[in-house]
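One chain, subunit A, links the two complexes that follow: it is found with subunit B in the first and with subunit C in the second.
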Partner chain A sequence: MSEVIVITSGKGGVGKTTSTANIGTGLALSGSKTVLIDTDIGLRNLDVVMGLENRIVYDLVDVVEGNCRVKQALIKDKRFDGLYLIPAAQTRDKTAVKPEQMIRLCDELREEFDYVLIDCPAGIEQGFRNAIAAADRAIVVTTPEVSAVRDADRIIGLLEANEVRNPKLLINRLRADMVKRGDMMSIDDIIDILAIGLIGVIPDDEKIVVSTNRGEPAICDSKSLAGQAFRNVVRRIKGEEVPFMSFSEDQGFVMKLKKLFGLKAN
Partner chain B sequence: MEESIVSFKAKGNELILVMREEDDFDRILESLGRKLDSSGRFFRGASLDVRYRGKKLNEEQERIISEMIAEKAAAEIVSFSEDEDHPEQDDPRDHEEPGRTRDKLRMKLLYFRGLEEGMTKFHRGTVRSGTLVSYEGNVVILGDVNPGGEVVAAGNVVVMGSLRGLVHAGADGNKEAIVAALSLQPTQLRIADVITRPPDSGEQKQGILPEIAFVKDDMVYIETFLPQYK
Partner chain C sequence: MLLDLRKIFGRSKSSKDVAKERLKLVLIHDRANVSPQFLEMLKSEIIKVITNYMDVDESALEIQLTKTRSDDGQSVVPALYANIPIKNIRKSGK
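The block that comes next holds the complex of A and B.
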């Protein structure tokens, strides 16, 4: 039973690519054969975040145009078995791929992989249509900002219109201290507006920036709070019931430490 | 798919054009045009004997296709006629890998030979991410090549700046081609069909010394470029 999951947001910069890299890595770590597809043609990033940029020979456009076989474009991750990437082309644009071609490609990949994760470009144009064409499930990423939530709402509407049922919400970059002061939207505020199921909440974490720049997903870092949150998301994708991490209490150093120990235990 | 509407095969100076019989002429013409736009440059300057298979053409259609090849591929058409002694034309396996046919052709026959003295493109300014500078000759970049930027040349590539993007010299098969840069730190470096990338250890090279990359025994060698020792 393989699944095609699209990770989308509408707004740019909310963490689609980071989420794709982390969730994909997590799925592979948990033993599922996973392939990541970057559909952001012309503005590819996923290869950089994964640290695989220098291995690219063939890309998504080469595959759909038939310049190479699918196997040739699959880049094996340098750290984890069972994790592969199909990068986007950089010197082309979104119109180089058509939704039907994505469906055909994903159907081929379904044969071999447990999960196909599609990193969607920002926006609602051709790139978005390509990315969602073959998806069984969708994860909508948003940050606790009015503008990001507004775009997420639009995206959820478009997903429903395109028959991608039951999208799940991933709230990224939440800062518990700011929510407490009333300076940031809370999880409940966001769910009130969007009215879809939550699949995870990722706290704002400096380590994400470091790991993104190094090309090593944060999910591998056992000390990172965001990494732990992503591990929970992965377990939920695989159908486990995992309680949500609590960010509501004071995020002092001691509390953080206690929480880490508590979390590590489960 | 589209690949199979028209495909090329090459044998010496003979170009064999395989067209699907069931497609109508306009479709073939359109597909051929696209194919010539993307790969026609490999025939540049060649004198070709063109034979075609599959679709039967009348004189008018022969003339249209012949002119199209001559114009788009910048090749001289010596003759154009139907190829009769190949009854296996309908076997799809036969032309399943057009890329491979083209590769062979590129490697053996018509690659760019003007490495010492030949057509050269000068590009002023930085080649940024998403930009492709490609040329059927040598390329000189007066600026940097950033990660995500690509330089593809049939001949040599010289970068008067930092080379951090992807570079492909001798792109149509000439292994004698070189890549030189004031600072050589490419994401990936290709010469003809040899592909290399820097090691994963990720250590940054310190200081700027001009370097030159070349192929010997199918391996890419990188040497500091110190002209005084020549």
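The block that comes next holds the complex of A and C.
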């Protein structure tokens, strides 16, 4: 049975696109046929994060307006079997697509794919409504900051009001060292405030920047902690029970991080 | 360890506790704003109960979520504020 999952956040810059790219790649690597849809019309970015920017011929707006068939707009990622992208249009705006059109498109994609991942734009306007229209599930991305958590709370309320039930939280860019000294909200603090289930915690990791520079998702990097965390998220999406990485365990993690980045303990 | 030292030297609250406290308060407001229906539902339920005992001016009834100082004055806590103009009190109830 195929599933449509929207990745959303409210606030911009918390890592929706990076999460979509990594989770999508992970799903394909695990043998599920997956398509990613960038719904951020006018500000498309999933194509560059995936390293597929030079392969775009048709986009989401072309598909819904009938300028091409769905198959023609699907960009196949040659590096990963079973991974496809439908890019957003860059020269149009969010009103170029309607929620009913997204539902129709996703219904068509369900026939072909195991997972349809929708990268939602920031905000709560039409772009958001388009992105969630066809979703069976939602992953809400946040970072441990007041602004991002506040917006996540608003998004959770809007998802529920729009009958996207049981959204799951993805905490991104957690810094164990800051949590330890009491200068960053912990996983428990955030869960306590938002009162929703957790699907993953991604540690702050320089490797994400490096992999985005190259257009190669970090999930492929066996040495990246964030990559490991994303692999766990993928397994949880597929229904596996995976214990959460331990961040609170004192030195262990910090030392590991420092070793990983070649920093000396001071 | 660090936290203990802070206590000993009487340092202020950690910034994450401040963040958490501020968030909790702001979210009480946000959540009430997310669904105007919520306050409407609350309002109609309150009217239902109160009219068993007295006549109230339903059109002038005012309900809002707000903040107030806690009894010990140490922190700010959420409060439900209701202004219910009474027209007439019934003698027997019901």
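Basically, the second predicted complex is superposed on the first by the 250 of 266 C-alpha atoms of A that agree within 3 Å, B and C clash if a C-alpha of one lies under 4 Å from a C-alpha of the other, contacts with A are read in each partner's own complex, and residues count from 1 in each chain.
Note that a residue touches a chain if its C-beta (ideal position, glycine included) is under 8 Å from a C-beta of that chain, and two chains touch if they have at least 3 such contacts.
Model, not experiment: these values are computed from the prediction.
After superposition on subunit A, the partners subunit B and subunit C are seen to fit next to each other with no clash. Superposing both complexes on chain A places the Cα centres of subunit B and subunit C at an angle of 120° as seen from the Cα centre of subunit A, in steps of 10. Residue contacts after overlaying the shared chain place A:Val57 against subunit B, while subunit C stays out of touching range. In the superposed pair of complexes, A:Cys68 makes contact with subunit B only, with no contact to subunit C. Touch counts on subunit A: comparing subunit C and subunit B, the chain ahead is C.
By the touch criterion stated above, A:Leu43 is placed in contact with subunit B alone, subunit C being left untouched. Legend: residue contacts after superposition of the two complexes on their common chain; A:Arg150 is shown touching subunit C, with no touch to subunit B. Of the two partner chains, neither subunit B nor subunit C is touched by A:Asn162.
In the superposed model, A:Asp189 lies in contact with subunit C only, and not with subunit B.
When the two complexes are laid on top of each other via chain A, the two nearest Cα atoms from subunit B and subunit C are 33 angstrom apart. When the two complexes are superposed on chain A, none of the residues of subunit A touches both subunit B and subunit C. Remark: subunit C residues 2-3, 6, 14-17, 19-20, 22-24, 26-27, 30-31, 34-35 touch subunit A in the complex. Those residues of subunit B that touch subunit A in the shared complex are 1-3, 99, 129-132, 147-148, 150, 166, 187-188, 195, 197-198, 200.
If you check the complex, the residues on subunit A that touch subunit B are 42-44, 48, 51, 53-57, 66-68, 78, 90-91. Residue ranges of subunit A in contact with subunit C, taken from their complex: 145-146, 149-150, 153-154, 157-158, 161, 179-186, 189, 192-193.
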